[in-house]
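What follows are several structures.
Two complexes, one shared chain (subunit A), two partners (subunit B, subunit C).
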Partner chain A sequence: MSSKSRFAGRIAVCAGAVALALCAPMTQAQSRLSGNTVRIGVLTDMSGLYSDVGGQGSVIATQMAIDDFVAANKPAYKIDLISADHQNKPDVGANKAREWYDTQNVDMITDVLNSAVAIATAKVADEKKKLVINTGAGSTRLTNEDCNSHSIHYAYDTYALAAVAGRAIVQGGGKSWYFLTADYAFGQSLESDTTGIIKANGGSVLGSVRHPLNASDFSSFLLQAQASKAQVIGLANAGGDTINAIKAANEFGITPKQTLAGLLVFISDIHSLTLQVSQGMQLTTGWYWDLNDETRKFGRRYFEKAKKMPTMVQAGTYSVTMNYLNAVKTAGTDDADAVTAVMRKTTYNDFFLRNGHLRPDGRMVHDMYLMQVKTPAESKYPWDYYTVKATVPGDEAYQPMSQSRCPMVKKT
Partner chain B sequence: MSEPRAANRDFAIGFVVVALAGVLAPAIGLYPVFVMKALCFALFACAFNLLLGYAGLLSFGHAVFFASAGYALGQSLKVWGWPTELGILFAVAASAALGALLGMLAIRRQGIYFAMVTLALAQMVYFFFLETKFTGGEDGLQGIPRGKLLGVVGLENDTVLYYFILAVFLAALLLIYRIVTSPFGQVLKAIRENEARALSLGYDIERYKLLAFILSAGLTGLAGACKALVVGFETLTDAAWQMSGEVVLMTLIGGVGTLFGPVIGAFAIVGLQDQLADRVGSWVQVILGVMFVVCVLGFRRGIVGELGAWLERRRQPRRPGS
Partner chain C sequence: MEVFGVPLQALLGQLLLGLVNGSFYALLSLGLAVIFGLLNIINFSHGALYMMGAYAAWMMMEYLGLGYWWSLLVAPIAVGGVGVVIERLMLRRLYKLDHLYGLLLTFGIALIIEGVYRDQFGVSGQPYPVPSALRGATNLGFMILPNYRAWVVVASLVICLATWYVIERTRLGAYLRAGTENPRLVQAFGINVPRMVMLTYGFGVALAAIAGVLAAPIIQVNPLMGSNIIIVVFAVVVIGGMGSILGSIVTGLGLGLIEGLTRVFYAEASATVVFVIMAVVLLLRPAGLFGRER
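Coming up: the complex of A and B.
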């Protein structure tokens, strides 16, 4: 039965395409766009531990970008989006990406929270010669061992997390560390990148314990961390895992004696934890809604739709979509290589990116911020959570090209 | 005397229908990668059915054979750079060897204990896959190249790979038919019906069971290798106990102990998961659970089993003397 309906669907699509071709005025861009449509796929965690970081919010942000682009440019082609839940499983994500590229004419996939899913999706994108621009995943493997010319890494990565907040904590006196690491690509990258920064700044790592992704009980891991007597317990995890670890650490009375360093903390996590629990924590972010008038404007517009302030990932997804659509317009085609070529030539300064430029290894380099979480007394209005401690220029925050392990870069 | 001939004819008709449907599927616009995946699961279910349906052994750890073949294929193609055919053979050999090892331990027990032993052993292998380096742990083994068939035909093209997978599937189906209708298969059925009686007739039932287990593991490996080749990666999802449960569900819904039941069951489950995943999210599991309950309560012989019984009832009045 499904074959029949798909067949009927195909006929309808063909008929629609013919009708469009007859009715719409022929423009140059039209003939060079596949199906006369730019289709963006939001592949994210809709129901799991990262759904507050991206999830439905990323879909809202992408749709906002599409609406804004259409209102400003009135393109002759259609732009739409589809979304799916990858359930944090690399196989589900990669299968979905393959299906989208093959059968749905998806031109670009974004969000892709979860590094394991992102690495799998990047491989599919390269095979299909289509783009994936990920704002959600953090692992530096995406621009090193697993880099390719069809995968762009936006927003942040684990090296920047280590180089901004990690360095600040070590220089602030947190010399001995113990890691609580989510046992997959992201956690492992974050632990190894942070270890590099700690050692370079005269600190030491006493050990680490690995926990499965989406762990429900952190007690035994935290007891090991406590027994290590390290000054700092580094949380090389994210989303729901970080929230659960911090809550459990509070209940165990670990926090006053040892410092907890959430290496990747999103504003949604702070909101769930409350300022009472998270106050004073130093963290890295690529974006915060209350930085300046432009960011506030976007934050408030997003808030009206989602009833929450956007995270770095959700705002990044808006920025990706807008900049991608502009590049498609400039290139006059949705061909991945042509669009990437345009993006490489552009210097970006929008509400999200400051001094952004796209490197050959696929890294979008831009300024990052070192934040400190406010105390409940300092917070004056809802979502007033961070104080900007430092702005770190992109070239200092991100891994220098000289250290790159990306084979694509070494060849050229 | 007419019984085996009728069964032969039924199989021939079924086989031709499946083969024709397979050949025509891409022409009517079905997405080849989806059909390939479904074919791999169909083969997996058929291999599992060989054990459950014909030897009466309920293994609750078959997913590890599926996954270990995928990992073996990935390792041999991606890291060692072997040709595709050799990689598939290696993968089948690896899962058959694992099947021999686990089977030897498991067949010493019967019924629920057999199922529990296979589950326990499978969980051990699962955690081995989680911890070892070459599998990539939670990230999975990514980027398995498809390579070339016999060094000439590139399998990168989905249509070419589709017909290759279809050919492998049909060949495996014939092999399973040959196994079940052979004297060996008859002995298996005898063991399923009454183990004590088969033993008293002088059959070394442990040897028969072990051989059935190894054959089933090897064929499961063939399915796993094909699936890894199609999707280009292997992950822990395939090794998890939920996958072992899914194959039981496919077999039961299609019809346990029938040759085509598992094929229908696999297509039904994989198709439902594919169609429903985006619409209802995690509710897919609930829907599958309800289907399972309905199947067990309402039509215990499964789709093909009930169809066969219905055909049998229609044939009966025409037989003289019955």
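Coming up: the complex of A and C.
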């Protein structure tokens, strides 16, 4: 072969390579699955204060969704899951996410309890062009300042928590508020979101006290709340802090004279507190096992495996996994952008989501519920804890797009 | 009448609550001081043993149907027994080594105990009711004080002072102190020093378990409850002077009060104020407020 023709040959090879590279996204969108496997990573708090909310329960729920999907669709590709403990440390979480995306071929990470970890993980996902669908963390920063096209916020957020319970309580006559706020990003954003809702509905905030995370004694803060004579004491905290605050309020006779509003309360918290202590409290949730036949069916199946009823986060993780796998099937690829495009076009109604749709800022908007905790006499069977006071349509519960601070949305 | 913009009545209420918390600090730091003062072991598993005390009470209620008063008696003995086993099997081998080894071992034990409980019971915790005799609240004029909290203050003060009296004022206490100063000489007088040391560790652990039982009706019984409180308690011990019995009691109560005041005036700092005081004390009196330089 002459040097000329060799040169021409090389050009042809190069041109072919360029054409292939250009076409790659298309072919990928049509058929390719990385390694012929869809791998889902459950990144959660396995050992710390949120491990009852997500933790091993989220792993169980994800596995259930995978098993159900495989049984129904018999896909030609493999689906598996890996899980890890992020220890509530953003650096541990981000490193794990990076390792999973880079070397373990993980396509989608879910759960991601704890807002700080979630924000760090969302950044990694964007960098790697892989997906993270968050069911655990609450901060609205995930769909505002820290939004990106590879991060979806699924089950709830602090705005919806505030909007549903806050609005209902103010409109029900609880006009004056006092906050007990966990002194970190989550608590502060919950307090400020709720304050906005209270004021917009004609209520007032008489004061607040910022307590440290894991402050086991709440009597002192509650006495300050009592002295404020506010009608409602808003608990802008979570997990063990909420539990101990409710317990102390009961002991000091603050309830029922003043109403407690738990702004983020999971069914695991109520189970742990017992109805005797938590009765009458109003709260927001995105899901409850005893809403209808579908939710009851899932709740009982989950109970068989986990020996407790699922929280909103655990049920949400099942829903994420199932809807993600369906989107992968429709898209024919595990490419994050292609899958997200499918999810954006879909209207969701499953056991978890009611009227769910995915917004451009990454928010999965769906109906939320205002609940009241039953009295021990009202509760007829195990885990019969809530009465549905109101179903709030997603568009009323979640932050309107007009208020969005997400740069991605402003651009378009 | 107001003090710095806070009504005096509210302030009195907060001080009283500070005293309740201080009682826990005193009881826990007392156990640490006994163990450190007499065994030279920095017992990092103290928080986990406190949690075990609370769980012992909960388990007796849940599985055996035994109430609070039985727990107050049996839980310290049972958990103290665990302490004796730990001392016999593990700690004993470390007495001749640097303090650091005891610290590492007990820290490891704490992690294991907490891990086992977390695996078994989850982290949301279990509720424990206030015993019926102590239910209700008393109106003190400036605040409504739940009777149970008043009981906690009284009980822990009695236990603390009794412990101080035994160690500092009785013949048994004299043996104990002599045994740590010069074990060989004391042994030569026919006293079984290793057994005495073992029982002392068991007693220190029992004090932690009593604190756990006292705390059970107030806070949720939870595998992480020990690790939440233990760091503060160590700060109390350092401020009071490592190993000083009276120091740990007085400092425990005092810091409870200071923490209570911080919660009123600047709640954000209430988790750190103890450590600020610790830093200042270490700068001015490295041996602690009641400690003796060695």
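The criterion applied here is as follows: the second predicted complex is superposed on the first by the 379 of 412 C-alpha atoms of A that agree within 3 Å, B and C clash if a C-alpha of one lies under 4 Å from a C-alpha of the other, contacts with A are read in each partner's own complex, and residues count from 1 in each chain.
Basically, a residue touches a chain if its C-beta (ideal position, glycine included) is under 8 Å from a C-beta of that chain, and two chains touch if they have at least 3 such contacts.
Just so we're clear, the structure is a prediction, and the values are computed from it rather than from any experiment.
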item: Partner chain(s) touched by A:Ala65 [first = subunit B, second = subunit C, both, neither]; value: neither
item: Touched partner set for A:Asp183, first subunit B, second subunit C, both or neither; value: both
item: Partner chain in contact with A:Ala327 - subunit B first, subunit C second, else both or neither; value: neither
item: Partner chain in contact with A:Ile243 - subunit B first, subunit C second, else both or neither; value: second
item: Contacts of A:Ala215 with subunit B and subunit C, given as first, second, both or neither; value: second
item: Which superposed partner A:Asp52 touches (first subunit B, second subunit C, both, neither); value: second
item: Which of subunit B and subunit C A:Gly253 touches, first, second, both or neither; value: second
item: Subunit B versus subunit C as contact partner of A:Ile169, first or second or both or neither; value: neither
item: Contacts of A:Thr274 with subunit B and subunit C, given as first, second, both or neither; value: second
item: Footprint overlap on subunit A, comparing subunit B with subunit C; value: 47, 183, 212
item: Of subunit C, residues touching subunit A in the complex; value: 7, 10, 13-14, 17-18, 20-21, 115, 118, 122-127, 130, 137, 143-144, 146, 148-149, 218-220, 222, 224-225, 228-229, 260, 263-264, 267-268, 270-272
item: Subunit B-facing residues of subunit A, complex; value: 2-3, 6-7, 10, 46-47, 84-85, 89-92, 94-95, 98-99, 102-103, 115-116, 119-120, 123-124, 127, 146, 183-185, 212-213
item: Subunit C-facing residues of subunit A, complex; value: 47-52, 183, 209-212, 214-217, 219-221, 223-224, 227, 239-240, 243-244, 247-248, 251-253, 268-269, 271-274, 277
item: Contact set on subunit B toward subunit A in their complex; value: 25, 28-31, 33-34, 37, 137-140, 142-143, 158, 231-233, 235, 237-238, 271, 275, 277-278, 281-282
